[in-house]
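Heads up, there are several structures right after this.
After this come two complexes, each holding chain A, first together with chain B and then together with chain C.
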Partner chain A sequence: MRTSMTQRLAAGAGIVVLLILPQLVQERYFLHIAVMAGIYTILTLSWNLLAGYTGQLNLGHAAFFGIGAYTSALVAMKLGISSWFGLLAGGGLAAFFGFLLGFPSLRLSGPYLAITTIGFAEILRLVAINWVDLTRGSLGLSGIPLLSPIRLGSWTMKFYYERDYYYVVLAAVLLTYYCIRRFTHSEFGVSLQALRDDEQGAQSIGINTSRYKLTAFTLSAFFAGIAGALFAHFARLVSPDTMSLHVTFDTLTMTMIGGLGTIAGPILGAVALTFLSEWLRTLEDFLKMDIRLVLYGLLLILTILFMRGGLVGLFKGLAERFRSLQRSRNIGVDHD
Partner chain B sequence: MESLFLQQTLNGLIIGSIYSLIAIGLTMIFGVMKISNFAHGDYSMVGAYTAVFVMAWIPGWIGWVGSVIAAAAVVGILGIVTERIIFRPLIDRWTDIDMIMVSIGLFILLENLAQLFFGATPRMISDPFKSATVNIGGISTSMLRVLCLIFSCFAIGVLQVFLNRSKLGVAIRATSQNRYAAQLMGIDINLIYILTFAVGAALAGVGGVLYGTIFAVHPLMGAMPTLKAFVVTILGGMGNLRGAIFGGFILGIAESLGGNYLSMEYQHAIGFCMIILVLLLRPTGLFGTKESR
Partner chain C sequence: MTDILKTEHLSKKFGGLCAVDDVSFALEENLIMGLIGPNGAGKTTLINLISGAIAPSQGRILFDGKEISGLKSHTINNMGIARTFQVVRIFSKLTVIDNVMAAMVDRRQKGPWRLAFESVTEGLTKGAGTSKDRDAAEKLLEFVGIARYRDELAENLPYALTKRLEIARALATRPRLLLLDEPSSGLNPAELVGQIALILEINKQGITILIIEHVMKVIMDISNRLIVLDYGKKIAEGDPQTVYTDPNVVQAYLGSESHAAH
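For the complex of A and B:
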C-alpha cells in the first residue's frame, strides 16, 4: 500500500505535465475535450468507489450528476450569488440524496440494488421533466452563468476560456483523486474492500458494514454532484438527459475498460474513451456512420470476457511478463 | 365514470399481458442461470423490427401471424447466440456485477447496431385490422389490442403447458430449483441453458412484436421493456414464473389506473415506487417463498 519513490516521482511529473498542458497545446477544441475528460474522470472515480471497492452496483449515478448540475445552475440563476456556492450546493445536495439512497442499499445487492438505483434516477428524471416552473421541463435550463471570476490583485481568472476552466476541473479531479485515495487506503478503506470480498466475514470480525457503506455512498454521490455542477457551468445547458441511463452506462463502460477497483483505471478509462470518441466523431464524416457507441458496447463486453482487470490489469500483466523475462535473461548471463 | 374505470382496467390488462410475456423470459433465465439480463428488452426490439420487415413483405393477417412466428425464431436464435458467446463463458466465474455489466454491454451494442442499420426514425407495425374497433358494453378498444391480449394469454398458456407437462419443461423447472440436484438426476444442464435462453428470448421477441404494435418501433425502445420486465420480476419474486405472470398484470393495471387517477406524468414512476415498497416490506416478492435476496 505504501507508495515508492519512483511512484511519487511519476505522480509529480504527471501533475507538472497536466499543469503546463494548456500552455503546450493552445487549441481550444483540444482543451474542451480535456475538460470533458476531467468531468468524466470525476464521475468514474466516484462510481468506482462504490462498484469497485464496496461491490455495490449503483446504476443511478446519473441522478447525482443531474442533481449537481441542476442545483448549481439554479442557485446561480435564481439566487444570483457567486456560482462557487452553487458548486458546493450541488455536491452537498447530491451527497444528501446519496446518503438517503444508501439506506435501501444496505439491504439490497446485485440486480435488486441495480433496479432500485435505476428507479431512483428515473423518478428524478421525471421530476426534472415535469417540474416545468423550476426546470423548464425537457427544454432544460439554458444560459447558465459562468463561474464567477477570481481576482487576485491585478491577476484575474475568467472562466470564459477553456484554458481557465481546465484548471478548475483539474483541481477538482486532483481533489477527488486525493480524497478517494485517502479513503480507500485508510483503515476504513481496507475494511471496505474486505466487505466487498466477504461481507459476512467482515461483519464477524466486527466491521460496521452499514456505516462504511453509507459513507461510501455519500462520498460517491458528493463527487458525482460536483462533476454535474462543473458540467453545468461549462456546457451552460442542463437538460433531463443529464439523468438518463446513458450517462451511467458511459461512466461504467469507462471504468470497466480502465480497470474496476483500481485508482488508475477509472482515470485511464475516462480520458482514453473521451478522446477516442472525439476522434471517432471526426471519423464519422468518412465512415458516414456513428460507430462510437457500438464500439463502447463491444469494448465493454470484450473487457469483461477477456480482460477483467481492464487496461490497468493489462499493463500490470505486461510489466510482470517483462520483468520475468528480464530475470530469466539475467540468470542466463550468470551461467555464461 | 364507471366505464372509464373499466376502460382503463382493460387497457391495463392489455399492456400487462405484454409485460408478463416479456418478464416470463427474464425470470426464466434468472431462475435457471442466475443471470440478470439487462439486454432482455433489446430482444423485444429485435423482435419488433423483424415484424416490421415481415409485415412490409407480407401484408395483412397472414403477415401478422407470420411476423410473430418469425420474431420468435429470429430472437430465439439471437438468444442462443448471445448465451453461447457472452453469458456461457462467464457462468462458472461470475459475480453479480460481471453478469450485469456484460449484459449492459450487450444492451449498448444491440441498441446502437440497430440505430446503425435501421436508422433512428420510428416505424410502425401495420395494423392488419385497418384500425377496426370493438365495443363491449360502452368500452371500446381496437381489434388489434384485443388480439394482443388474446395472443399473449395464449402464449403464456402454451408456455405453462410446456413447463408443466413436457419432459423438457419439467427439466427446466428442476434446474431452476436446484442446478446440482438436476444434474445428478441426469439432466443435460448445457442443453437446458440453451433451451432456456432460446425460449426466454423468443418470448421477449414475441412480446416485442405486441409492444411495437401498440407503441412505435425504434432502436432505443428496448430500455422500457427491460425496466418494466425487471419491475415485474421483482414484484413477483425473481425466478418465480407465476409471480411474473401476475406481476405483469398488476403492473399494467396499476400504471393504467395510476396514470388516469393519480398523474399521467408520473405513470412511468409507479412501477419503481411499487418495487421500492415491495423490496422494503416483502423482499421475496408478492408471490415469493422463503429465499434470500
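For the complex of A and C:
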C-alpha cells in the first residue's frame, strides 16, 4: 500500500515527461490522439472503480459520458456562461444519474445488472435522438464553444490548440487518478472490495453494502461525466453516438486488457488501445476493411483466456518470476 | 447475571417448511452456549435470524434488552453482534490483513461518503492507512495465530486458517456477542484442539458466544449451556451433562428403533 521512494521518483519522472511531451512532439495529430487517450483514461479509471473494485458490471457507462457531454455543451450554448461551470454541471448531472442507476444494483447483480444498465444507456440514447428541440436529434450538437478562457489578472489562458486541451485533459486525468487511487487505497476502497468479494460477508462486519454501492455508482458516474464534458468542448460535436454501447465496450476492453481491479491497468489499456486504433485506421485504409473491432474482440478473448490479470497481471507475474529466479541464484539453489 | 440475548417465540417459515419453530431461549452474558441438533434442525437459520441475514416470520429477538428482529445485518453488527459462517465467507482477493482492516472501519460514526471524502483529503495531509488500525489488526492476526500470512491473498490460505481469519475479522468489529457457525468443521484433530483453545480465550476476554457444533467433544468441552433443536423446535435446554443424557436428545440423534432399521 505504501509507495516506496523509487515509485515516487518514477511517478515524478513520468509527470515531467507528460508535461514536456507537447514540446517534444508538436505534431497536432499526435496531440489530438493524446487528448483522446486522456479522455478514455478518465473513462476507464471511473468504470474500473465500479467493475473492478466494487464488482458491479455496469454496461451503461457511455450514458454518463453522454450526459456529461450534452449537459456541458448545452450549458455553454444556451446559457452562455463559462464552460467551466458546464463541465461541473456535466459531472454533477452524470453523478445524479449514476446515483439513480445505483438503485437496481441493490437488487440485481451479474448479468441481470449488466442488462439493466445497457437498457438505461439505450433509453438515454433514444431520448437524445428523439428530443430534437433540445438535442437536434441524430444530427447532434455542433459548433460547441471552446473552453472559456481563464483570466488571472492581466494574464489570460486561452484554449484553442490541441496543446492547450492536452494540458487541461492531463490535469483532469491526474486529478481523476489521484482521487480514484485514494478511494481504492483507503478504508473506503477496502470496504468496496470486501463487498465485491462477498456481499453477505461484508454485511456481517457492518458494511451497509447498499450505501457503498450507491456511493460508488455516483462517484464513478461523476468522473465519466467530466470525461464527456471535456470531449464535448474538444471535439465540438456531440451526437447520440456518444451514448452508444460501443463507447462502453471500448472502455471495458481497454480496462480488461490493461488489468481489471488495478490502477495502472485502465491507464495502460486506454493509452495503448487509443494509439493502436489510430494506427489501425491507416492499416484499414490500406486493407480496405474494418479490422479494428475484430482485433479488439480478439484481444479481449485472448486476455480472458490467457491473461486474466491483463497487462498489469502479466508484468507482475514476470517481475515475480524474475525476483524468485534471482533469489534462488543468490542462495545457490536450483530454482524448481 | 443479565441476559445479553433473548428470543421470544421465534419462528421462520420457508414456504410450508418451518425451519425455526417457536424457539424461546435466553443467553446470559459471558457464557458459551452450544447449539446442537441433527442436520436440517434449523441451527444455521437461527443464527441467520439473530445476525439479521434473514428476517423472522414471527417472534422477537432482544439484544441487550433492545429489539433487533428484522434489522439489517450491518446494523446488528454495529450494535455488537458478530458472526462467522458455516462455509467461510472471506474476501478472497484482499490480503489477510485487509480482511481484518475492512472490519475495523468505525462505521458507527462514518458512512461511505465521509470515508470517500476523507480518503482524498487524507492523501494530501498524510500517507495512506492509519497505522493505529494496522497495529490492532496485526494483534488480532497474532491472536488467532495467522500473523505470518498477513500479506498473502486470503484465497491462498489453507481452509483451516480461513476459519481463523473469519474469527479475527469478526472480532475486529468489537462484538459483545459472537455467533460461531461450525467453527471446527473440516478441521483435523490437531487443528481442533487449537480451535477449542481459541474459542475459550475469546470467551475469557468477556465475549459471549453462541456456537453451532457437530463435534460432540468440542461442544461438551467448552459450553456452559446447551440447547438442542430438532425439526426447528427446541427439544432440550440445560447444562451439557443433563442434555447429553436427555432421552429426547438421544432419540433425535440416534433415532428410535424403527429409524435405526433403515
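Heads up, the rule we're going with is that the second predicted complex is superposed on the first by the 327 of 336 C-alpha atoms of A that agree within 3 Å, B and C clash if a C-alpha of one lies under 4 Å from a C-alpha of the other, contacts with A are read in each partner's own complex, and residues count from 1 in each chain.
The rule we apply is simple: a residue touches a chain if its C-beta (ideal position, glycine included) is under 8 Å from a C-beta of that chain, and two chains touch if they have at least 3 such contacts.
Worth saying up front: this structure is predicted, and the values here are computed from it rather than measured.
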| item | value |
| --- | --- |
| Which superposed partner A:193 touches (first chain B, second chain C, both, neither) | second |
| First, second, both or neither for A:249, with chain B first and chain C second | first |
| Partner chain(s) touched by A:32 [first = chain B, second = chain C, both, neither] | neither |
| Partner chain in contact with A:163 - chain B first, chain C second, else both or neither | neither |
| Partner chain in contact with A:136 - chain B first, chain C second, else both or neither | neither |
| Touching partner for A:236 - first (chain B), second (chain C), both, neither | neither |
| Chain B versus chain C as contact partner of A:215, first or second or both or neither | second |
| Those residues of chain A which chain B touches in one complex and chain C touches in the other | none |
| Sites on chain C touched by chain A in the complex | 51-53, 72-75, 77-78, 82-83, 85, 89-94, 98-99, 101-103, 105, 107, 111-113, 115-116, 118-120, 122-123, 127-129, 169-170, 172-173 |
| Parts of chain B lying in touch with chain A, wherever the complex brings them together | 30, 36, 38, 86, 89-90, 95-98, 100-102, 104-113, 115-116, 223, 227, 230-231, 234, 238, 265-266, 268-269, 271-273, 275-276, 279-280, 283, 293 |
| Chain A - residues contacting chain C, complex | 1-2, 178-179, 181-183, 185-191, 193-194, 196-198, 200-209, 211-212, 214-216, 219, 261 |
| Partner chain B, residues of chain A touching it in the complex | 51, 55, 57, 104, 107-112, 114-116, 118-120, 122-123, 126, 129-130, 245, 249, 252-253, 256, 260, 289-291, 293-294, 296-301, 304-305, 308 |
